[in-house]
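Structures incoming, each one as structure tokens.
Okay, so subunit A shows up in both of these, paired with subunit B first and subunit C after.
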Partner chain A sequence: MKGPRFLMAFFVSLLFFALPASADTLQQQIDKTPEGGTLKLFDRDYMETAVINKPITITGGDETLLMSDSDKPVFTIKDATDVTLKGLRFLQSGSAVVVKNSSHVKLDGLEMIQMFSGVQVYDSSDVTIKGLTLKGIDGQFASKGYGLAVFKSNDIELSHNNVTSVQDAYYLEHTKNVTVTDNVATDSRYGLHFMYADGIKAERNTLTRNVTGIMLMLAKNAELRHNKISIQWDWNSSGFTLYNAENIVVEQNTFSGNRTGILSQTLTNAQIRNNVFSSNQTAIEFTAADKNNTVEGNDFVGNILNIRSDGSDSIIDKNYYDDYGGNDIDENGVGDTQYVALQSFGQWMVREPAYQYFIESPAVVMLNQMDKQTNRVEKNQLVDSTPMMEPTSDFKKEQSFHIWALLFGVIMLGGAIFLWRKGVKQ
Partner chain B sequence: MMKKKMWLAGAMAASLLLGACGDKELEARDINPATDICKICNMSVAAEKYAGQVALANGDYETFDDIGCLMEYYNKTDKKDIGEAFVKDFSGEAWVEVDQAIYVSDKEISTPMSYGVIAFKTTDEAQKFIDSEGKGKIVTFEDVKAMDWSGHA
Partner chain C sequence: MGLFIKLEWKQMLRSRWMQLVAVLFVVIFAAISLIQQMAMPVEGFTRQIASFLNLLLFLLPLFTLTIGSMSVASDIESGWYSLLKTYPMSIFGYLWSKYVAIVLSFFLILLLAFGIVLTMSGITGQMQLPPVFIFLSIFMVLIFAAIAVFCGVLAKNRLHALSLSLVVWAVSLLLFSYILMALGTIVSGTMLKWLTIIMIHLNPAEWLRFGYFMFSGQTTVLGPAFYEFTEFYTSFFGYFLFIMLSALWVIIPLGLANWILSKKGREV
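Then we have the complex of A and B:
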């Protein structure tokens, strides 16, 4: 009798030993990996969630795909240090990674598709997120989550990430020492959204087709440089909105095709210098509560309104304006007469945005001409007493000559004339 | 006879017109997250459960993404210009008049501008939120009005 029992026990135990390791859950695989070790996930789909609370590196294979089976994030990194997630793919989940109360966390080359939100970081320090791509779900931005969101954390680096179709692509609240470089944000509500932040460096980011490129609110000590801000063109859009902010440097950015390039409200000690504003409806809008701001060395090209304000006392100096009509007799590169950006209609538009629909109407054009005459004696409001005769940037060099578009236009024009002549002869 | 009918029609038309001139009841309007922005901070009103709005006496509306922004506007605006002010009930779909709402305050309650105040239609709902979240305390409209709503970096 003992024989069959032994045999049965032997075969059952064999069965368990024969189970492949790939059948382990995500959590089991993490638990089995020693502290400081590297876990390479299998080339299969994981539909589960896991918690990481020890030093570990997790990587994926070409076919590894991670999904959450609940409203929890796929990975929760909690009370941990030295955690790295690298080369993982996430699909159709509420959230991919949540980091809580941790430090020295690196998320490298993660890919997220059709996600409500991507990564949330809370109460952590020394977090680096780079090379991440995230595509959100379809629909209106109010029904979506944030791409990468950081709360109450310090020493954060976000670089070379690409986030699209979410509510706010990069959201940072109550953060200190944040560096956001070489990121892309498109088709979202706000590209970069900073709130209650101190010590921000945002450089070389490309922000396109969002409601607002950079939303900087209740923040101080920010450097916004070399960013490309284009086609923020909705009813309430702007390239940058600087609200209740102080000590802000806005330098060498390119603003093109935005409803408003820079919209400011209660802005203090901002230096807006060496930027290019091209083809915006309004390049810069100040409000009365703004104080001690400088607009210097910028190029204003092809904007409908260059600067408008409802009464701020900003310093405007040494900018280039393509609609400046003065001369430079002494050839020192500086116009001999002042440039006045003041336009009655522009002032009204600050107070009532709906007036934007009357721009270039005959009455407004006439009003602008009258303004040009009266502006000759303006001494204070929106006056640049040293307007530059040439662009201060290499803006002109960037203009490409579209030979094929020209050729196509000439051929179409020739064809139209030919057909018209033929019609007249008949 | 014809003249009498004309007088009657004229009197009816006049009464209709005069009726239209009377005080109209001011109601909250729907929020459109794509176009409505906060009058104070310029943020879009994307999360309605934190929102507020003011129906001005002249028929215009101002919208707010956070009760803090609403109160900043409310406190500095002449009350003659404010027809009615509303906050959104956090646990439902209803708009509640600001002086009728029950407020819960805690700096740990996440709101769009981090002011940490949300509104409820009833005290029961407010208490239920406090019990389930383990944070917040009930405050009155007078308390909310007296809070410091000036944002600071």
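Then we have the complex of A and C:
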């Protein structure tokens, strides 16, 4: 009889020792992990918040799910160094992670669903956020928070993140040395929003269906390269809005289907070169206060208005325009006559927004044709004296065969011919 | 009435002018569609889409107005209408039959053009024929055929009908807009906005252009100044009102034509 009793006592004691481990709160688990150690969270739901203030790596299991039970973020990383959060899933919380006064923080492969806000970083340095996916809550932009927000911090790297349905997908304010690469932002107010930033590098990001793709306000020394900016198509939408910015390089980006590709105000010393502007309502809009900006080597294809301005001293050179009607008799690849982007209607639209109703209306199309003749003598405003004859980009598309369209087409065509013949013969 | 519609339709299809118009429209429509391939396939109001829309706005009303009005004026001028009056057919019956015959003839041209575009799109896989263009074309024919009948009744002879049609076409497509744009230089932006809204309701070409933006979900193209106006028209009541006002654009010209012809009846 002693054997079974002993076994029972053994298993009960096992249960006694095992239960408290998984029943530990998130904070207790963190506190029990030694500095520099790794904490692997249990495969269960955590509905609580915790503060991290020591070097630690926290990883999650396949079933680990983190939620906040209050307005506080699930994790607050405060006055800490060398903190890594990896492979964690967050659900329906105000905020997932807040980083304050910390350095060497790495957030890797975090997943966030139905969050008001994702990650906020304050007064920190050397923060890397990569492989994060975030889906915000439904509703108006005003009722949503930022996806990833960084304030007064330096040496920040955001890469391979995917943020959708938030107010601003990536918000950076008073930051220095920020690298934002290979990220995706969709269905938000601003894709990337930089305020008072210095030393920005934004490359290979894909920004689609936001109100504005990249909003750069009061920022300087930015390099925006190889980004794909498409379908920013709302009221007042734009691919890039460059406001009160200086020393900006916009290079090899693709702008397609935006209300305005690049909208600038008080922009100084910007280099807009080798980009593709395709099928935008307006490709580039300058305002009078802009100074010393260069538009060079870009392809303008299928835009309703290529460049409009209410008078600026921008340098426009060596771009390709699909509506250029000049010749290249000496075959040097450069048009023999200048290209004038100036259109009366474009200027009116800048000055009086109500004119926008008439955009590309039959009357305006006729007006533009007349403009082309009268503007040939224009020397100063929006003139490219060396327009390129060929685009630098390859616009060739793959051939495909659509059987249903063909079938319907043939039926419609056959039906029309049959009805016509029948009508005539009767 | 059915027999008369059939007879009128047959005459229209036999007309060399109508056949020429059909060829012209189909060729231009197909050419613009092919040019469309140049653009990258993106959503929104691109220059290619705008060209497509303008092609419809320029050509369909022009052809419908000229052919439709001259057909009615020719009946009156040649005495065919006087002969028809001896048959047991009301004036409205005559006008309605003419209207239906014009509409059916142009529907056939549209069918031909859309058939060619769809066939080419099937082969190349790159062309587009958004359904909203099909509906817009149908609306366009329905409205401008009614105006054409009215112009035909108003005219003294075929030449007069042609000139009347051209005036209506030029005013609705170009002059109305130019006058408004010129006014915009002396009135405030808000006033320009309200004048534009009034013009949209008074000008069938602008009404249909606005209809395109409404039904394609691209009202944002018109700019933030028209936010409230477009918000109203993209509601359920707005769509209902659009259909009702479009119906009025058919009923009023036909009603006026009936009234004028009744008054003229004693003289013709």
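Criterion: the second predicted complex is superposed on the first by the 373 of 426 C-alpha atoms of A that agree within 3 Å, B and C clash if a C-alpha of one lies under 4 Å from a C-alpha of the other, contacts with A are read in each partner's own complex, and residues count from 1 in each chain.
Just so we're on the same page, contacts are C-beta pairs under 8 Å (C-beta built on N, C-alpha and C of every residue); 3 or more make two chains touch, one makes a residue touch a chain.
What you are looking at is a predicted structure, and each value in this text was computed from that prediction instead of being measured.
*Asks:* In the superposed arrangement, does A:243 touch subunit B (first), subunit C (second), both or neither?
*Replies:* The answer is first: A:243 touches subunit B but not subunit C.
*Asks:* Under the stated touch criterion, which partner chain does A:302 make contact with: subunit B (first), subunit C (second), both, or neither?
*Replies:* After superposition on chain A, A:302 lies in contact with subunit C alone.
*Asks:* With both complexes overlaid on chain A, does A:68 touch subunit B (first), subunit C (second), both or neither?
*Replies:* After superposition on chain A, A:68 lies in contact with neither partner.
*Asks:* State whether A:235 touches subunit B only (first), subunit C only (second), both chains, or neither.
*Replies:* After superposing on A, A:235 lies in contact with both subunit B and subunit C.
*Asks:* Please indicate which partner A:29 is in contact with in the superposed arrangement: first for subunit B, second for subunit C, both, or neither.
*Replies:* Neither partner.
*Asks:* Taking the superposition on A as described, I'd like to know which of subunit B and subunit C A:227 touches: first, second, both or neither.
*Replies:* A:227: touches no partner chain.
*Asks:* Who contacts more of subunit A, subunit B or subunit C?
*Replies:* Of subunit B and subunit C, the partner in contact with more residues of subunit A is C.
*Asks:* After superposition on the shared chain, which partner residues are touched by A:256: those of subunit B (first), subunit C (second), both, or neither?
*Replies:* Touch partner of A:256: subunit C, not subunit B.
*Asks:* Tell me the contact category for A:211 with respect to subunit B and subunit C: first, second, both or neither.
*Replies:* Touch partner of A:211: subunit B, not subunit C.
*Asks:* Can you pull the subunit A residues that subunit B and subunit C both touch?
*Replies:* In subunit A, residues 234-236 are touched by subunit B and also by subunit C.
*Asks:* Write out the stretch or stretches of subunit A touching subunit B in their complex.
*Replies:* Touch list, subunit A to subunit B: 140-142, 167, 173-174, 189, 195-196, 198, 211, 215, 217-220, 234-236, 241, 243-246, 263, 265.
*Asks:* So in the complex, which bits of subunit A are touching subunit C?
*Replies:* That would be residues 230-231, 233-237, 256-257, 259, 278-279, 281, 301-304, 322, 348, 352-367, 395, 397, 399-417, 419-420, 423-424, 426 of subunit A.
*Asks:* Write out the stretch or stretches of subunit C touching subunit A in their complex.
*Replies:* Spelled out, the residues of subunit C in touch with subunit A are 6, 9-10, 13-14, 22, 37-48, 50, 53-54, 57-58, 108, 111-112, 114-126, 173-174, 177-178, 180-181, 184, 189-190, 192-193, 196, 205-206, 209, 218, 220-227.
*Asks:* What does subunit B use to touch subunit A in their complex?
*Replies:* Residue positions touching the partner: 33-35, 37, 41-44, 46-48, 113-114, 151-153.
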